[in-house]
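Labels for the chains are A, B, C and D, by order of writing; each one numbers its residues from 1.
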Amino acid sequence: MRNSPATALEAVRAVIAEQPFTQLLGAHVASVSDKSCELVLPLRKELTQQHGFAHGGVVSYMADNAVTIAGGLIFQAPVVTSELKINYIRPGIGDSLIARAECLHAGRSQAVCRCEVYAVKDGEEKLCAAAQATIVLLGEPKD
Amino acid sequence: MRNSPATALEAVRAVIAEQPFTQLLGAHVASVSDKSCELVLPLRKELTQQHGFAHGGVVSYMADNAVTIAGGLIFQAPVVTSELKINYIRPGIGDSLIARAECLHAGRSQAVCRCEVYAVKDGEEKLCAAAQATIVLLGEPKD
Amino acid sequence: MRNSPATALEAVRAVIAEQPFTQLLGAHVASVSDKSCELVLPLRKELTQQHGFAHGGVVSYMADNAVTIAGGLIFQAPVVTSELKINYIRPGIGDSLIARAECLHAGRSQAVCRCEVYAVKDGEEKLCAAAQATIVLLGEPKD
Amino acid sequence: MRNSPATALEAVRAVIAEQPFTQLLGAHVASVSDKSCELVLPLRKELTQQHGFAHGGVVSYMADNAVTIAGGLIFQAPVVTSELKINYIRPGIGDSLIARAECLHAGRSQAVCRCEVYAVKDGEEKLCAAAQATIVLLGEPKD
């Protein structure tokens, strides 16, 4: 039985709340569907590199976490990111980062997800990275 | 003219010191050669995910930063990571993470680098991730 | 000045016709837009591996060629694929493969493209691979 | 019980001999160890693109096949490539291509492998691509 979207959102937020690194960075889940999610991170100086842009590690954290969440929504079970590839497209400059991840295909025990990370400045979004990843179900494959 | 290793190490450390995100995480450069580097990050609870392992975003930060440093050493000029692919191999459990990156090939304006990230526990290293990335020279290509 | 779609299609087909490997495999360009293309390859026994599916090298050829074509359409100039990442999703079984590639973002001298490869059997398409790649302009960057 | 190297080489060659695509291209396995292999492909005009270099699809075929062989040697069982990332470094110009793949880590049901592809001209090797891939065991995980 599938969770309702509201329950799914609460379930995802409960998982995220138990990630100390996510708390350190300050990201939160804005919305979910049955196979996609939107993760938001307000930018602040601590998250930048030497030129004042969001550090590449912050951008890849956003992609990594968002694809894992999307995979977890598909499997409705604990998952991990097995591998991830990210292309950095523009510097992460602005008020916040938004990562939108979606599951492209899910098999019995692994899923392929994609993610775009946007930098938002004064309400305008600019694409700053694109990722593609494999998410793996922990424990037993789903039936 | 090439920098001496000691000067190169100082130069890299000066760049890293200007990355607020690196300061937030607490990573430092342990050593460099003319085309490789070793980056170390003591682990603490704030850097983990819900199962107590280093968050995937922390592991990919290590790989990302290490390959950028290796690329900067080759070009001796400002560089950025253009794209990165990482395979997560084992959970990042232990006292610290060590990322070792090396430049495989450098052309006029971009380099291909590889990196292994190890988790260190009680002095024993275990491979926890492997990455391959493209580093791009900012501004003019080298002669 | 942009080529008209018909001219662009002819231009792409002329390039493809000069690739002996594409002729050996038998792929042809079905359609193009200003930043996307569709490449088709009829399957035959010579293109399979030991289980009778399209060989992984054939599937990655399709993705590689399609993203290069999409990048060439954006730049309207000679380009090469700098790097490519592909996830194999389902075995390539059927009458033909179709690769659809699209440019996600183009800068002055490089573009990030994505591609999906489908296996077509009795008119039904099934996703068999997804790719993400960097396409690099040869020679001078565009203005 | 492990196969002897000679038996392993024969076993790999027997698999390769059943791949019609490998026969079409003309690749052969030159050597294997318990977790690595060397695959060789004599170059000829049919394998090139419009500039006379080995087609990117040929280079990625070499990487794909070599990592699959390396993964099969580790598991001593049928495997497939789940995903692969390749960086093209130099044009594939010369008499032949050599792909050397090695397993970096193998778990119960999947392995991470790396591969370098060299172009050989007049006995001199030049690195033309580097790849990193996940190989997945078909059927049951090993004990």
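As a convention for this text, contacts are C-beta pairs under 8 Å (C-beta built on N, C-alpha and C of every residue); 3 or more make two chains touch, one makes a residue touch a chain.
Note that the coordinates shown come from a computational prediction; the quantities given were computed from them, not determined experimentally.
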A-D compared against A-C, more contacting pairs: A-C
Longest centre-to-centre distance from chain B, chain (CA-based): C
Mean-CA-position distance for chain B and chain A (Å): 22
Inter-chain centre distance, chain A versus chain C - centres from mean C-alpha coordinates, in Å: 28
Distance from the mean Cα position of chain D to that of chain A, given in whole angstrom: 33
Numbers and ranges of chain C residues touching at least 2 other chains: 82-83, 85, 87, 134
Residue ranges of chain A in contact with chain D within the complex: 82-83, 85, 110, 134
Sites on chain B touched by chain D in the complex: 85, 87, 89-90, 104-105, 107, 112, 114, 127, 130-132, 134
In the complex, chain B residues that touch chain A: 15, 18-25, 45-50, 55-58, 60-62, 64-65, 68, 80-88
